[in-house]
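As written, the chains take the letters A, B and C, and residue 1 is the first residue of each chain.
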Amino acid sequence: MARIGVFICQCGPMLEKALDILTLVHAARRLKHVVHVETVSLLCAPEAKAALVETIRAHAISHVVVAACAPREHEKTFGKILSAAGLNPFMLQIANIREHCAWVIHDRRQATDKAGSLIQAAVQRVRHHQPLYAQQIDVQADVLVIGAGMAGISAALTLAQPDRQVYLVERSAWIGGKVALYEDLCPDMNCAACLIEADLDTVLHNDRINVITLARVVALRGRKGNFTASIRQAPRWVDTDRCLGCAACMDVCPVKTPNPVNAFLDHHPAIYIPYPGTLPHVAMVDRQHCLRTRGEPCTRCQDACPFEAIDYDQTETCREVSVGAVVVATGFDPFDPNRDDRYGHAEQDNVITSAAFERLVNPNGPTQGRIVTNDGRIPQHVAFVYCVGSRTDAFNAYCSGVCCQTAIKHARQVKRQLPECVVDHIFADLCLPGKSGQRIFDGLRTEPGIVLHRMKHPGSVRIERENRTRIVHVTGPDDVVQQIQADLVILATALEPPTGTLQLAACLNIDLDGDGFFKESHPITDPTQSCREGIYLAGCCQGPKDIPMSVAQGQAAAGRILQSLVPGGKMSLDPIVARVDTDLCSGCRTCQGLCPFGAITGDENESTVYIEKTLCRGCGICAAACPSGAIIINHFSRDAVDAEITGLLKPTDGYNEIP
Amino acid sequence: MKSLDLKIIALLCHWCAYDSADAAGRSRQDVPPQIREVHVRCSGQVDPAMVLKAFAAGADGVMVLGCKPGDCHYRTGNHQALKRMRLLQQVMAATPIHPQRLRLDWVSAGEGDRYARLAQEMVSQVKALGPVDAKGGM
Amino acid sequence: MAGPPTIALYWCAGCGGCEESVFDMAEQLIGVYEKTRIVFWPAALDARSSDVEALADGEIDAAFINGAIRLDEHVQMVRLLRKKSKCLIAHGTCAHMGGVIGLGNFFSSKQLLACAYQHAPSMATPKGPLPGQGADTGTTRHPLPGLLPAVLPLDRIVDVEAVIPGCPPPPETMAQVFDQIIAGVLPAKGTVYAHQKALCHSCPRRDTRPERITVSRFKRLQDTLWDPTVCFLAQDLICLGPVTRGGCNARCISANMPCRGCFGPTTAMDDFGAGAMALIAALMADGDETDYEALIESIPDPAGLFYRYSLAASILGKGRRP
């Protein structure tokens, strides 16, 4: 038999003005099962809290209604009071007579009427509350990081702490991502390799970081604290423990295929080391182009290898790891200018992307760092076209944020190597945020041989060829068309979500935003977490950003994980979850496909469904869908909500028979 | 029956809608006294039975408020709410409860002014339809 | 009880199908006739209501009442039978939930009478009087029973001990109940002769139902040739099996027709239509408002379909005021 105590807070002097408290007290006293009603001047004050504990004990109160401010303010406070008084903290219902009543209804009588209804409703609802207990579960402290670019590496290094393993899964053959392919970095033109090599070495040699290259995550089950990830690794056909990267195999391989690492500006053999200085410094076989894949019994590389490191019997492997959190750091792919013929893109013919230029200017690239045209000439005129694929409804409406500074960096590299070269910058607007961008640009434009052209909109260009020269037709803001001649044109391409993002999102069951990047939990207050708890986002896969921001985000995601997943620690599960009445469940599975968190499965005998408590978030979607009414949400049952609604609609005068 | 006696149940989702009602309070908006708020987990928790029972218990209108499309804290709850409420409105068209007595709308957590405006619009809408003869039901 | 049990059967507003469910017991009916004392059965015997009045209170062991409460005469009869019976059994869907007859509750009784007696194409006197009490039959005045403002299920008028659902109930269930009574055991209060769980649990097509069904357009039976071995919902055909209590031996499914819900909802859903709406909304494929509109349009008369058997018992179905 419920013994309900009703406590009406006056919020200091505030509520008395807006509400006739005495009427509320009298009405509450007449409600069924109410054994005690009292007004308190300020329920959250320390003395009041202590007194409340005493009152609950003294009157053997079993259910508590607090009429006060919004639950978000003090629900936890009052819950603690109940615990102190020996009651389960869920035996509480709050009637919001301040935010929903006194503060929005300016007629005292009307406000009092509504407050009376809210209190009556709370009294009716609280009778349906049951004690609930937060379950403690063990957590896995290990972490899965997907993507070994700057963001992934920053996360992995921060996470590699005692008692914690990091699984760093990378789909290419090397770690370091895009930055490992660059030569200089903004703003100070630091050598990229020098900057990151130490970190890459640490990653490779740290016992706590398990690097898995040529690999993808193919399945993820579970919840924060308890994920199981399936990782599929493609065979390299090279034993990485034996291979020293001596490249003897590369010399004897008869195959030559265009090299994607160098933007197809040169070729690589079927067995190769992606670029000089690759880490891990071991060879790999491009099985798509290897003769053995076509059935030919070629063994030239195996014969040439001094260390018996070549193993054609390696097959795809799949392994499962248990982790407590996942960091998605899959980076970006540059926009492909072939999607728009106005750019006349041809890497082999002097209209190249900024990614290709990075390889051109890199000493370990296809031209050993010499900026030359495809036929080996030193360019006299170089043109940069900005906003290729960015800021246009045709492709990506957003600004990619880093391409302007990258183009300026590239211009500086051109001027450094070729001081006499004329460099044209063709831009729509300039995006130069941060501490140094504007300064560097101001410095650049004072140099001789720098010409600036403004185009009317992003994409107001057309690039054509005239013999060995490229002509860029630029439409200016005044609609006048200019022709700019160049020996080499570099396209500052947009940053887009990388290929495979859709599949990865489906595999991890996380959302993408309208541009196809992984969607953050909240763009302002929670930019490092995906929509699923325990799966974090870092780097360009969440949105275009520069290297410092990617590093910062990787560290931030790691910080979140370090703070919430302590080795040997436990996690508290919210008890407001759904449960199935198996006497009523027909196994129709109407609920199963609707759960946004994959918490519902068929049971072993497949005759009912099963809701995994650790995955359930208590949203109620399944309960509302169940045609048998067999699913109940703890604390929010149908009966409880119906009782509250009835309480709101019944008149509050006089004695009330509660059905 | 005076318009002040009209009763409108507002089913507010825990994440955006309930907060927006609180925000309306903090910024001292005018929320009509006919509105009666109920806390639910998600607009996706609202099922047709809950709405029908509200009408049978004397509600003249029912307003379901959830997070804006794309913002649902539980990813798809507001979507499910849209499907259910549209179907329910089609069924209500055959009953004496006019479909416009049920309203589904979206609001963000900080939008106290929008909450107040939606509440006022709902009251006007229901006022124009008058009180329900639900106990005279079908 | 001493001697053979005393039985009564009465029909309110019904189609006669529940009487059929008794006759369909076939040979077993002979056993029933021999082992019981049937004192009142308008469909089969010449007993009058005065015969019932002459009985002692509680003399009838079990009264099977089928049909919905539509007329004031029904109210009088069921109250009389309640007085004279130990046990009342709501026999069939109409007595249980108002049945198809209950669809009349979409209209006022005045509208129903006007439609039948004035607007029907075959009426010679479109402005003629509506039948009411005291209608003149020519030689004597026989008052006609009056239409109640709304159809009601049996338990809105009298206490009911047990329910045999079904439109009509399965003859096997009828046999089971009679056997029980003949053995001297009256149904306990609250007995419903149906499974706890919805039909999906015992459906012969259960294994063909996929984990997730999404429908962009519902089909009607006449629009398609459907696979007789596969779940109807998976073929975009509306089947209300997930909403409906089992216990009917899935006879419609076995006859290759989808379930229409005659056994009523589970004990946790007191409104069948609400359960049906929850089911259908859950099956709708994702889209935008226009998609949902079109999807809902593909169900002609959803209110009639979802409340086909249960309108009179629905949350809003308490009957209009006169």
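Methods note: contacts are C-beta pairs under 8 Å (C-beta built on N, C-alpha and C of every residue); 3 or more make two chains touch, one makes a residue touch a chain.
Bear in mind the structure is a predicted one, so any value in this text is a computation, not a measurement.
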item	value
Centroid-based (C-alpha) most distant chain relative to subunit C	A
A-C or B-C, whichever has more C-beta pairs in contact	B-C
Chain centre separation (subunit B, subunit C; CA means) in Å	34
Cα-centroid distance, subunit A relative to subunit C, in whole angstrom	55
Shared-contact residues (touching 2 or more other chains) in subunit B	47, 49, 53, 80, 84
Shared-contact residues (touching 2 or more other chains) in subunit C	269, 275, 278, 281-282
Sequence positions of subunit A contacting 2 or more other chains	594, 624-625, 629, 638
Subunit A contact footprint on subunit B (complex, rising order)	4, 7, 9, 19, 21-22, 24-26, 28-31, 33, 36-42, 44-47, 49-50, 53-54, 57-59, 73-77, 80, 84, 116
Footprint of subunit B on subunit A - complex, ascending	70-72, 96, 98-100, 103-107, 110-111, 113-114, 117-118, 121, 511, 531, 576, 594, 596-597, 617-621, 623-625, 629, 633, 636, 638, 641-642, 644-646, 648-650
Touching residues (chain side subunit C, partner subunit A) in the complex	196-201, 206, 209, 211-214, 241-243, 246, 265-269, 275-276, 278-279, 281-283
Interface residues, subunit C side, partner subunit B - complex	105-106, 150, 269-271, 273-275, 277-278, 280-282, 284, 286, 289, 292-293, 296, 301-304, 306, 311, 314-321
Sites on subunit B touched by subunit C in the complex	47-49, 52-53, 55-56, 79-80, 82-84, 86-88, 90-91, 93-97, 133-138
